[in-house]
Structures are given as structure tokens and as C-alpha cells.
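Common to both upcoming complexes is subunit A, partnered first by subunit B, then by subunit C.
Here is the complex of A and B:
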């Protein structure tokens, strides 16, 4: 935000008081984040198909655009915008219209606390990590609303599954980040990244075994949290058609789609900032091209998630709940205890 | 700026609450309640209590309202025919409301000695809340978690064994 306001005042010569800076900087940041989300959807749909093609020994999209179907996402977007906007007769119309908007908002808001580079964070708030978990939980309400308002049994089943899954996996997701918060002594995303300076063994994921397990728990839960394979129970094509967005078409469906890919990138960005050292390089203290380093790590995590989705078969609902409540949550509590003891023994506790 | 935001959040909060009471569909009522809670979080944030604001969103607007939505959907089934009658049929809420307003009026008159307008620095920040919660009110805090634990054990016991209690 500082960078943005500086740019606005110095380069473009805008005269702004404090409130003006807040509003103009905030609006610019929001615009940038919305663009980031749109770019996510465009790049990841293409990458997902290419990786899926590679894994299944085929080409994936090849025709649209000169190079390897590079313009395929643009063609898809044009197609989706041209579709008829259908609201079923028996749907609860206000809720049906509202649901994709709520999901979109819930996936846009967390970006405010993602530290892409030093100073490049929309809101450098003290409760950054806490805030991210709080606002992204709004998506659950959106999913339930979409499933209910569609008045369709597949949509309702999908919504019930999705909500149960997301509510459950939020717990290990948040618990896995608490050891990091204890080590850093702060919930501020900037502080968490700065606390990991000094090479790969100062990154939280590789600092000690407990934190490594915590990182693994975070990564597994984050895949479940964004409803992707092998945890894509809410949208199982073979049993629920498309789950909670069965009845949606055109732009409304595009909002679900956009949020899904933005969330995929968001959880990877949070994992990068919290566990993988953010913009810090694997060696040394120097900060070189921080934004690119951050993006490279996040992109790597997204590619791993795509790889997992196209490699592993889907779990059953009971297996999913078993993994969450009987494996991940006890394990994350053990991690919390272990890293607490480690902090106490090593005397590393932040004052 | 703050006053504008306060009245904006306050008006939206009241509007959401009224809509939650008067709406005919139970699901719509829950959604309006979520809207009211989010605005309450906005007011907490204005009162220099960011932790409370985020907890309000995380716990009330997020978790508890999801539970409400679940219950409403499961009990009502996937039909949108509302079984609720208009709230206008029930006249008993008028005296209840009158009593509440009278209570508020009386509280307004009570002396506010010992209360100050300005919270001490860092009062609503995470460190201030944590220090109060884990030092001064630790016993209470732990007892509340014990109550929640009992509730969890009860729920598991009820759900896990269909023949009866495990004991």
C-alpha cells in the first residue's frame, strides 16, 4: 500500500490528504487484486489442462492461439459470457443471485493481507493471518446458499458436503499455522515473512520437524479447503453433476469458477508467506526481486496441487472426514505441543 | 469519517436485524442475520477492538450461522414453501419490545462511573486480549472450554452408538 500511495502522489502528482490516500490507495490495491484474481483464472485453467494432458500422455488444448493453445482461456471466457443467463423457476431468486457474489467477495477479501513484496501489501494489519481465515470462511455461507437456492437435490447435497468439508478442514488449517505464530510472536503477515530471513533453514517449513509436519498438514487441508481433488466431494461429476453450482450458467457460473482458481492461488500464497519464507531467497539475507521470488514459490505450490489432483483418485465422504478429524487434527495438536516445548527448551520465544 | 461509518454500520445492522425478524423464509432470515453480524463486526472494528471484530466474523457470521443454515435446510427439506406465518399475527412481541426499550432507557440513566471513553493502549489488540484471557480470567476461560468439551463428548456419545449410551 505504501508503494501504491507513493506512486500515486509522487509519480502521478496527486495531492492527497490522509483519508484520500487511504481511499485512493485502497481502491487501487483492490483493482490490482481483482486483476490478480482474473489472471489466476486465465492462467490456471490453461495450466491445469496442459498439466492434465501431460500426466495423461496427451497434448491438451493445442488449437486456439499460436503456441500450445495459449488463447484457449480467452476463447472460453468469450463463450461463457455469451451463454444464456438461466435462473430456474423454482429457485429462491434473491439467494440464487446473491450466492456467487458472496463467494466471490469471500475469495477477494483475503488478498488484502497477502504480502507479495516488502511494502506491497494492501493492508498491513496486525491480525493479518487471523483476518484471512475469518473472511475466507464466508465462502461456506455462499456455498450453502447456492445449494439451497438452486432447489435441486444435487446442488443441496453438494452444498451440504462442501460446507461440512470446509468447516472441518478449517480447523487443521488454522491449527497448523499456530506454531508459526508462536515462533514469530505475531499474526502480522509482514512480520511472519521477515522472521524467516537468512536462508532455507530459517524458513518455517524447514526450521524443525514439527513445523515441517505443520506445513504438510496445512498443505493437505488447504487442498480440501478449496474443494479440489482428491477432496472434490462437493462437485463430484459422477454422482452430483456439478454439486452446488449445477444450476448456474454464464457469468454467475464464471464467478464460482473464478473464485475457485483464485482460492487455489490464495492458499498457495499464504503457504508461501507463512511456511516457505515469502520473498526471501533460499540462501543469504539479500532481497532480490522479492515479488518474483514470492510468485515463483506460489506458482510451484499451485503446480503441485494440480499434479496431485490429476494423479490421485477421489476419496469417499467418510474417508474425508476420517482424515480430518482422526488424523490431521490430533497431528496438528501434537505439532502445536511439540513446537511449544521446542520453543521453551531452546529459549527462542519471542518476547 | 468515524461517525459516518458508525451510523452506516448501525443503520445496516438494524436493517438487517429487522429484515431477519420479518422475512418469511427461514433461510433468508439466517442470511439477514449474517448480514447484521458482519455489520456488528464493523462497529467493533470502529471501537478499537479488531480481535473482537474478527472473532465476530469467524465465529458468529462463519461457524454458528453455518450451523443454523444446516439445521434450517435439513429440517425444512429441499422445498422453498415457507411455513412461517407473517410476524404481524403475533402481537405478544410488542410488550417484550417495550420492556427492552424501557431497560435501555434505564441503563442510559445509570451512572457510568469507572468507565472511560478511551480504552488503554493495545486493549483491543490481540496481546491485550490474550493477557486478560490467560492471566486474569484464566479459570473462567478454562471452565468455559470444559463446558464445550462436555458438549462435544455428549454429541459424540449420542451420535456414535445407536443402541444406547456407551456406558
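Here is the complex of A and C:
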């Protein structure tokens, strides 16, 4: 935010008072984040197909664009723009129209508190981490709304499964970050990143064994939270056609798709900021090209998620619930206990 | 100063509404007009005509999961502020602070153990266990 307001007032020479700076800066950050989301959808759909092709010993997209189907996402976008807009006769029309917008907003809002670089965070709020979990769960409302409004059995099953899965995995997801909050003593995302300065063993994920387990719990839960394989129960192609967006066409479908890929990148960004040191380098205290370091870590996590999706078979619904309630939640509570005791006995916080 | 951070959230919401409608509006310009002929407006059900409405009574399990979620999510909400001040208040309060929270968590873990023992966490066996009817394996 500071960087953007500085750019607006000094480089472009806008004369703004405090309110003007806030509004202009905030809207510019929102525009940048929306463009980040759109870029996510473009880059990750292409990367996903190429990685899937690589894993399955085939090429993936090759024709559109000169280099390895590089323009395939653009072609998809053009195709989606030309698609007819169909709302089923039996659908609940107001809810049907509202659902994609709600899902889009729910996936745009968390970006407000993602610290890409020092001074490049839309809202440096003290509640950062809490805010991210709070607003991103709004997507559950959107999914239920989409599934219910469609008046389609596949969509309803997908939505009910999706809601059950997302609310369940929200608990280990949030519990896994609590040891980090205890160690940092703050929910502010900037503070969390700054607290991990000084090399790889000061990053929360590699600081001690309990935090490493917490990172693993977070990573597994985050894959489930964004409904990706092996946890893609809400949209299991082989069982539920397409899940909660079965009845959606054209741009409304594109909004679901956009949010899905943006969320994939969002959870990776949060994992980077909370567990993998954010913009800090693996060695030393220097801050060099913070934005690029942050993006490199987040991109690596996304590629691992794509790798997992195309390698592991899908879980059953009962297995999914078993993993969450009987494995991840007790384990994350143990992590909380262990890292609390470690914090006290190691003398890291003054007694 | 504090309000500014949350004003940005409001701006994000407004921009989100604007951007989503912009995308939908752009599609409106390019796409063909829907002629709604034939069965185009019928809900998809594998190519057959749909049997009844999808708005039916739904499995109770999802409701149970939602109930458990509320309990544990509220627990998490209570732990967050404690975790945020743990570092700064520990020198004054000592390990008492930690033990108090562990007692709170232990009470909720007791609840988890209870629903676990009751079989409410099992996706398939829930109903049969509840009725004490051990022979029925599926619900």
C-alpha cells in the first residue's frame, strides 16, 4: 500500500489528501490483486495441463501459440466469452446469479492481507491471519448457494460435500497456524514474516519438529480447502459430472474457475508467508528482491500441489472425513501442546 | 489509523462487485443471444429428463458435521487471541497461562472423544451405531 500510494502521488503527481490517498491506493491494490487472480487462472491452467502431460508421458497442449500451447488459456478465454448464458428453468434465479459473484469476492478479499514484499500489502491490519481465514470461508456460502440454486442433483451433492469438506478442514488449517502465532506473538502478516528473519532455520516450518508437523498439517488441509485432488470431492468428474457448477455456463462458470485457481495460489502464498519465511532468503538477514523471493516460494508450492493432484488417487468421502477429524485435528492439538511447551522450556520467550 | 486498514477491505468488496459484474457484462456483449429452444432450460441429469426436484430432504450427516464445525471453530476463535498475547504476557503470568488454555482445550477434546466414541465421526456407521444395531453395516 505504501509503495502504491507513493507511486501515485510522486510519480504520477496526483494531488491527494489522506482520504483520497486511501481510496486511490486501496482501489489500485484491489485492481492489482484482481489481475493477480486473472494471471493465476491463465498461468496455472496452462501449467497444470503441461505438468499433467509430463506426468502422464504425453505433451499436453501444443497447438495454440508458438511455444508449447502457450496461448491455450487465451483461446479458452475467448471461447468462454462466446458461450451462451443458460439459467435452468427450475433454478432459483436470484441465488443462481449471485453465487459466482459471492465466490469471486470471497476469493478476492483474502488477498488484502497477503504480504508480498515490505510495504506491498493492501491492508497491514493487526488481525491479518485471522481475517484471511474469516473471509475466505465465505466461499462455502457461495458454493452452497450455487449447488442449491441450480436445482440439479449433481450440483446439490457437490455443494453439500464441498461445504462439509471445507468446514471440516478449516479447523486443522486454523489450528496449525496457532503455534506460529504463539511464536510470533502477533496475527499481523508483516510481523509474522519479519519474525522469520535470519536464515532457513528461523523460518517457522524448519524451526522445530512441532512446527514442521504443523506446516504439513496446514499444507494437507489447504489442498482440501481449495477442493483439489486428491481431495476434490465436490467436483469429482467421475461421480458428480462437475459438482456445484454443473449448471453454469460461460462467464459465470469462468468466475468459479478463476476463483478456484486464485485460491490455489492464495493458500500457497499464505503458507509462504506463515511458514516458509515470506520474502526472507534461506541465508542471511539481507532482504534482496523480496517480491521475487516470495513469488518463487509460492510458485514452488503450487507446482507441488499440481504434482500431488496428478499423482495420487482421489479419496472417498468417509476417508476424507476420517483424515480430518481423527488424524489432523488431534495431531494439530498435539502440535499446539508440544510447541507451547518447547517455547517455554527453550527460553525463547523470557520467563 | 486503525480504521484505514478495514476501509481497504470495504474498497476490496466494492471493487470485487464491480470486477465480477464487469466480466459478466463483457460476456454479455460477445455471447450469442440465448434462444431457449427445446430442452435447453432443463436441468442436467445425464441426458434424461430430471426425476423430481433436487430440493429434497438431505442426509443428516452433513448437518452433524456443521454442528461439530461450529463448536471447534469457536474453540479456534478463542485460542487465537490467547496465542497472540502468549509471548508478551508469559513473563508476567508464567506457565499458569499455558495450563489454563490446555484445560480449556482438554474440555473440548473430551467432546471430540465423546463424538468419536459415539460413532458420529464415522461417515458410514453413524446410524447403525446410534440405534445399537450392530448387524447393519451401511446407513
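Definition applied: the second predicted complex is superposed on the first by the 349 of 351 C-alpha atoms of A that agree within 3 Å, B and C clash if a C-alpha of one lies under 4 Å from a C-alpha of the other, contacts with A are read in each partner's own complex, and residues count from 1 in each chain.
The definition used in the following text is that contacts are C-beta pairs under 8 Å (C-beta built on N, C-alpha and C of every residue); 3 or more make two chains touch, one makes a residue touch a chain.
Fair warning: this is a prediction, and the values are worked out from it, not measured in the lab.
Enquirer: Quick one: name whichever of subunit B and subunit C touches more residues of subunit A.
Expert: C
Enquirer: Please indicate which partner A:317 is in contact with in the superposed arrangement: first for subunit B, second for subunit C, both, or neither.
Expert: second
Enquirer: Where does A:287 make contact in the superposed view: on subunit B (first), on subunit C (second), on both, or on neither?
Expert: A:287 contacts neither subunit B nor subunit C.
Enquirer: Is A:70 contacted by the first partner subunit B, the second partner subunit C, both or neither?
Expert: neither
Enquirer: For A:95, decide between first (touching subunit B), second (touching subunit C), both and neither.
Expert: Once the two structures are laid over each other on A, A:95 reaches subunit B alone.
Enquirer: Who does A:145 touch here: subunit B (first), subunit C (second), both, or neither?
Expert: Only subunit B; A:145 stays clear of subunit C.
Enquirer: For A:187 in the superposed arrangement: first (subunit B), second (subunit C), both or neither?
Expert: Touch partners of A:187: subunit B and subunit C.
Enquirer: Return first, second, both or neither, reflecting whether A:168 touches subunit B, subunit C, both chains, or no partner chain.
Expert: Second partner only.
Enquirer: Contact-wise, after the overlay, does A:327 reach subunit B, subunit C, both or neither (first, second, both, neither)?
Expert: Neither subunit B nor subunit C is touched by A:327.
Enquirer: Just which bits of subunit A does subunit B share with subunit C as contact spots?
Expert: Residues common to the subunit A contacts of subunit C and of subunit B are 90-91, 125-126, 130-131, 135, 148, 151-153, 156, 160, 163, 167, 187, listed in rising order.
Enquirer: State the interface residues of subunit A toward subunit B in the complex, per the touch definition above.
Expert: These residues of subunit A touch subunit B: 19, 90-92, 94-95, 98, 125-127, 130-131, 133-135, 137-138, 140-141, 144-145, 148-149, 151-153, 156, 160, 163, 167, 187.
Enquirer: Considering the complex alone, what residue numbers of subunit A touch subunit C?
Expert: 1, 22-23, 25-27, 29-31, 33-34, 80-91, 100-101, 104-105, 108-109, 111-112, 122-126, 130-131, 135, 148, 150-156, 160, 163-164, 167-168, 170-171, 174-175, 178-179, 181-187, 241, 246-247, 250-252, 254-255, 317-318, 321-322, 325-326, 329-330, 333, 336-337, 340-341, 343-344, 349-351
Enquirer: Within the complex, which stretch of subunit C touches subunit A?
Expert: Where subunit C meets subunit A, its residues are 4-9, 11-13, 15-17, 19-21, 23-24, 26-28, 30-32, 34, 40-46, 50, 53-55, 58-59, 61-62, 65-66, 68-69, 72-73, 76, 79-80, 83-88, 90-91, 94-95, 98, 101-102, 105, 109, 112, 116, 121-124.
Enquirer: Over in the complex, which subunit B residues touch subunit A? Could you list them?
Expert: Subunit B reaches subunit A through residues 1, 25, 27-28, 31, 34, 50-51, 54-55, 57-58, 61-63, 65-66, 69-70, 73, 78-80, 125-126.
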